[in-house]
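Before I ask anything, let me first share the structure, which is written out below as C-alpha cells.
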Amino acid sequence: MGLDFTVVPGFMDIILLGALWTVAITVASAVLSFFGGIFFAVIALYTHWTVRLPFKAFEWLFMGTPLLLQLFLIYFGLVQIGIDLPAFVAGVVGLGLHFAVYNSELIQTAIIAVDKGQMEAARTLGLSRGEALRKVVIPQAVRDVIPPIGNNMIALLKDSALVSVIGVSELTLSAQRVIGKTYRPFEFYLVAAAVYYVINLCMEWVQRRIERRIALSR
Amino acid sequence: MTEEKHFVEIRHAKKSFGTLEVLKDINLTVERGQIVGIIGSSGSGKSTLLRAINDLDPLSGGEVWLDGVQVNKSLPHRQYEKHINAMRQQVGMVFQHFNLFPHLTVRDNVTMAPKLLKGISNDEAETLAREQLEHVGMLEKIDAFPSQLSGGQKQRVAIARALAMKPKLMLFDEATSALDPELVEEVNQVMKKLAEEHMTMIIVTHEMDFAASVCDRVLFMEKGVVVEEGPPEVIFKNPEKQRTREFLRKHIEGAA
Amino acid sequence: DELADLKEEGVIRIAMSGAYPPFNFVNDQNEVVGFDPAIGKEIAKRMGLEAEIVTTAWDGIIGGLLANKYDAIVGSMSITEERDEVVDFVGPYYTTKRAIFTKPDSGITSIDQVEGVQVGVTLGETHEDWARDRGYKVRTYKGLPELLLELENGRVDVIVNDSIAAILAMKENGYEYTMIDDFETEVIGAGIAIREGNPELGAAMQEALDSMMEDGTYLEIANEWVGGDIR
Amino acid sequence: MDVDLMMRVYPFFLKAAWVTIQLSILTTILGLACGALGAAARLSRFAFLRFLGAAYVSVIRGTPALIQLFILYFGGPQIGIQLDAFEAGVIGLGVNIGAYMTETIRGSIIAIDKGQREAARTLGLSKVQAFRKVTLPQAFRLMIRPLGVNINALIKGTALVAAISVVELTYTAQRYIGSTYKPFEMFLLSGVLYMIIIYGTGRVITWLDRKARIV
Amino acid sequence: MTEEKHFVEIRHAKKSFGTLEVLKDINLTVERGQIVGIIGSSGSGKSTLLRAINDLDPLSGGEVWLDGVQVNKSLPHRQYEKHINAMRQQVGMVFQHFNLFPHLTVRDNVTMAPKLLKGISNDEAETLAREQLEHVGMLEKIDAFPSQLSGGQKQRVAIARALAMKPKLMLFDEATSALDPELVEEVNQVMKKLAEEHMTMIIVTHEMDFAASVCDRVLFMEKGVVVEEGPPEVIFKNPEKQRTREFLRKHIEGAA
C-alpha cells in the first residue's frame, strides 16, 4: 500500500490541538515528577522508618504496576470514594507521581554518591541537614543524573499518550481519532510520530543546554 | 559547666574506627583569643580531633565544651539538630581537602551560608564576598567555579568561606599547606588580626615555622595521645619529651 | 490473487481483538470463541481451509492485515466508507443498531433529552462521529467496559454503543440500564476485511457466507452466541 | 469480587506471565548491549560515531515505541525483514530501551571525577585500560539503580507487543476484561503477577547495588 | 632532537584557558638524575606546567621533549595513543589532590598499573606493593580503602603508586604538603636515593626548606613566566631579581 499524505493537511488542526494537550500534560507532570522525585528521595533516605515504610509501600505500588493501571485507578477508582478529579488533573497526577518515583530512584543513588565531605562542609558552616541537602547535596546529585532524568522526562512525554484511556484528547488519541475517520493508519501515525519527535527535540535541546552549563561545575 | 570557664574544653576524648583507636583520652583547653597549634605525625588523629570539636565525627567517649555549652550533648534528635547547628555557626572550619562546593561559583561558595542563616540581602552578601575574597587575594576569581582554581586558590576560597560566617572559633586542618610563602605570610597576618579581635583558632599544621610564629601554644600528638604541649618556644626549641625531640629533630637542628 | 496461495497453504489466518463478547472473546479455557470465530471457521471450512485465530490489539489490527500478518479480519468491524478505501469488505455478516443506554432513574427517556447531558462513547467508533455530529457533549473511552463503569460512576449520563454487545454485556453482569426507546437509526453492517485487490478471495468468502446463511448453519451459530438472528 | 472466575483463569495468566518474563529478559539483554554500544558511540572521539549515537538516542527515544514496533513488524516485510511477532517484539523493544540505557550509562560515566581518569592515564594505562579499570568500576556503582529504572519501565513496556498480536500478560488481562467485564479482577490478577516479576527484579537490582557499594 | 641532548626539555611552552594565559613561553631543561624544584605563588601555573610534561593538559604552543623523544607530538590518534602511553609509563606523577582510586584498596592502587602494563604475576605484585608501601611507611594500611586514610597517608600511597611503575622521571605536585616533618625527612631520603639511581625529578613545592635541601636547581615562577632559576643556594640566599627577593622575603630573613 502506498503512502498518501494528501489527506493529512485537512486534519492538522486536530493533530496540533492534540499536541498542545500533550505539551501541557507533559510540562505539568514533568515539573511534578521532578520536585516529587527529590522529595521522595529525601523521604527514602532521611526519614524515620515510620514515615519511610509507608512511603516504601507507596513506592512499590508505583514501581510495581503499569502506569495504565495507575491512571485507571486514579480516574475510575477515586471517584468511587468521592474524589472526582477532572481527567487532565488525574492524568497529571498519575504521570507525575509515577515518574516522581522513577526520578527518586535516580536521585537517591546520586545523593549517596555525592562526596561525604560536601555534607560535612555544609554542616560545618551551620547549615541544618535540610539546608545542606537543599543547597549542596541535592544540586550536585541532580547534576549527576541529568541524562537519566532526561530519559524519564522523554518517557513521560510518550507515556502521556496513556491518558487517552481516561479520555484526554492528547496527540495519540487525536491521531487515532483521525485514523478512525480516514483509515490511513500509517500516514497519521507517522505524522503523530513526527510531532512527538519535534517536542522531543525541544526537550533534548533543553537537556543539552543544562549539560553544557553544568560541565564547569564538576 | 566547669568551675573555671574555658572557651574550648575537651575532656577525655576517645574515638575508634572499628578496632583502631584513633583518639585515646585527649584533654585540651583553649582560652578565648588563643591560637593553638596541633602538630604530629601522619595518622596520629589530628584531623579526627578537629572534626570532633564540631561533632562531625562523634566521639566514642568524652566531652567537648564550647563557650560554656557542651557540644556533643546527647539530646533527642530534633533538639540535637537545632543545638548543633547553632554551635557550628560559631565555628568555622577549613578542611584538609577544602571541600568547596563544585556546583557553586566562588561567590556563592562564600555567601551561601550567611545568606541562608543570617538572612543578609544580596547586596550585603556581595559586599561580604568581596571583602572576604579581597582578604585572601581571590577577588578576581569571584565568578570562577572551583574546578577552575589552582590548589592554593581553592584553599583560600575555603578560608574565605569559613570566615564569612564570622565564627568565634576557627579550625584549620592544614590551613596553609597549599599556600606559597607570601600567602602564608598574608594568612598569618589575617590570623593575627583575627586573634586581636578575639577570634580563637585551632590549627593543625605540618609547618613548624608557621606554627612557631603564630601559635600561643602547641600540642604534639602521636598515636592518639597528646605527648607534649606548651608554648612554641619550649616545644620547638627545648621539648621535654624524647619523642617530641625526635619528631622535631630536623627542625630543632635547623633552629639551633 | 491470494486465494491460490491460501489453498496451497491450507490455512487462513483470521484476526480479531478477542475482547468483544459475545462476538469474540476468551472463555475460561483461554480459547477465543464467539460468533466471529465460529463464522470465520465455518467460512474456512467451506473453502476447504483450516482457520487459525489471531488476537491482536484493535490499534494495530488493520496494519497487521495490510502487512500480511493475517489474511482476514473477522472481528465485528463496522463497514464504513473510510475503511472501505483501505481494505475490501465481504459481507455484511451481521448487522446491529446504534443504541443509547442510561440509568433507570436518570429521567432520560427520549433521544431529545440527550442534548446537553454527558455522552460516553468508544474512541474511534462510528458512534463517536455520530454523537459529535449531533453536537452532544462527548467523552471518549477505550471500550465498552469503561463505558459501563463510567455510567455506574455517574460521570456520564448516557452511553452510545452497538445494541447487541451492550445488551449482552449488561445481562452478563447484572447491570439494569434502560435502552432509550423509539430511537430511529440506520443499521450498521459488520464486515469481513481482506486486503484490496483480491476479488477471487472475496468472492469465495462471500459465496461461503451466502451458502451458510441459506442452509441454516448461520442461524444455528447466531442462536448459539447471540440468541437470535442478526442478519 | 468474582473469586471463582479468578480461580478458573489464573493458570492462563501464569502462562502469559511467562511470556512477559521471556520478553523482559531478552529485551534487557539486547537493551544493555545497545545501551553499551550507544554510550560508547556517544562518548567516542569520532564525531561521526558521536553523531550516530546521538541520532540513535534522539530518534528512537523521541518517537513512540508502538510506532517503532508497527514499522518493524508491519513495514519490515516490505524491505524483506520477516520476523515473527515475538522476535519483532524483542528487537523493537530492545532497541528502544537501549536508547534510554545509552543515556543512563553515559550519565554515570560522565559523573566520574576527571582526576580519576587523569591519574590512570598518567600511570600509562591506555584509554581503554583506564576506562575498564578505573572509570567503569566507579560508574557501575552509579548506574545500577538507574538501569533498574529502565528495566522496570521495560517490563511494563512489554505490554505494547499486544498491538502486534503477542499475547502477554496485559493483553491476556485485556482480553478477559473485554470478555468478562470484570476489569478489577483481571487487573488484580495481572497486577499481582507484574508486582511479583518487578519485585523479583527489584531485589536483584538492590542486591547488585549493595554489592557494588560495599566500599 | 636538540644538538645537546637534555633529559627533559620544554621549549616555548604556552597554555591558555579561554582568555587566561597561564603559561607564557616557558623554557626548561632538566638533566638525567637532577632534582628540579618549582616554586612560585599560587595560580602561577606550576601545576599546569607539570601536567603539560605528561601532555595531560595539552599545551597551546611549544614542545616537550623527554629523553630525546617529543612528548606532545602531533600524530594520528592511534599512534599518538601508543606513543603517549609509552611515554607516560616512564613518567610517574603525584597529584596535588592525590586522585587515589576510591574503589580499590591501597594494595590495588599500587599494583594495578604494573600488573596491567608489565604483566607481573600476583606474587610479584604483592612483593612490589609491600616494598613500595614499606618505603613510605604505609604497609599496615595495605588493605584499607582510600576513604579510610588520613591526608598524609593518602599522599604516601599516591607516591608509592607512582614509584611502583619504576619511572625514569617523577613529577611531584606539592608532594610533601600533607606530610609531617619526619615523613618529609623520609620522603627526602627516598628521593635522594632515587636520585642516586638516576631518577630525575621535578617537584612543585611551597616548602622552601625542603626545596633547598633536596633540589639541584630551583625555578621561581610568577604569572606564567619563569622569573629566575638557579641553584638553591643562589635562589634562596641571594636571588638576582627583586620579585624573587620579595617572594622569599620571609624565608631569606629567616635564613639570614
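As written, the chain order gives the labels A, B, C, D and E, with residue 1 at the start of each chain.
Note that in this section contacts are C-beta pairs under 8 Å (C-beta built on N, C-alpha and C of every residue); 3 or more make two chains touch, one makes a residue touch a chain.
Computed from a prediction, not measured in an experiment: that's the story for all the values here.
> Applying the touch definition from the top, give me the chains sitting in contact with each of chain A and chain B.
For chain A paired with chain B, there are no chains in contact with each.
> Farthest chain from chain B, going by the mean of C-alpha atoms per chain?
C
> Can you tell me which chain lies farthest from chain E, using the average of the Cα atoms as each chain's centre?
In terms of C-alpha centroids, the chain at the greatest distance from chain E is C.
> Which chain pair is joined by more contacting C-beta pairs, A-D or D-E?
Most contacts of the two pairs: A-D.
> Measure off the straight-line distance from the CA centroid of chain B to the CA centroid of chain C, and report it in whole Å.
Measuring from centre to centre gives 81 Å for this pair.
> Please tell me the distance, in whole Å, between the geometric centres of chain A and chain D computed from their C-alpha atoms.
18
> Once you find the CA centre of chain B and the CA centre of chain D, what distance in Å lies between them?
The computed centroid separation for chain B versus chain D comes out at 50 Å.
> Out of chain B, which residues touch more than one other chain, so two or more?
As it turns out, chain B has residues touching two or more other chains at 97, 148.
> Out of chain A, which residues touch more than one other chain, so two or more?
185-186, 218 - these are the residues of chain A that touch more than one other chain.
> Which residue numbers or ranges of chain D touch two or more of the other chains?
In chain D, 70, 75, 113, 141, 183 touch at least two other chains.
> Give every touching pair of chains, nothing left out.
Every touching chain pair, ordered by label, is A-B, A-C, A-D, B-E, C-D, D-E.
> Quick check: in the complex, which residue numbers of chain C touch chain D?
Counting only chain C, the residues touching chain D are 15, 17-21, 25-28, 30, 32, 54-57, 59-60, 63-64, 66-69, 143-146, 148-149, 169, 172-173.
> Which part of chain D faces chain A closely enough to touch in the complex?
Result: residues 58-59, 61-65, 67, 70, 75, 100, 103-104, 106-107, 110-111, 113-114, 141-142, 144-146, 148-150, 152-153, 156, 159, 170, 183, 187, 191, 194-195, 198-199, 202, 209, 213 of chain D touch chain A.
> In the complex of these two chains, what residues of chain A are touching chain B?
The contact residues of chain A facing chain B are 115, 117-118, 120-129, 131, 135-136, 139-140, 143, 214, 216-218.
> Could you please specify the touching residues of chain A with respect to chain D in the complex?
Chain A reaches chain D through residues 60, 63-69, 72, 102, 105-106, 108-110, 112-113, 144-148, 150-152, 154-155, 158, 161, 172, 185-186, 189-190, 192-193, 196-197, 200-201, 204, 218.
> Name, in rising order, each residue of chain C that touches chain A in their complex.
59, 62-63, 66, 80, 82-83, 85-87, 123-125, 128-129, 139-142, 146, 149-150, 153-155, 196
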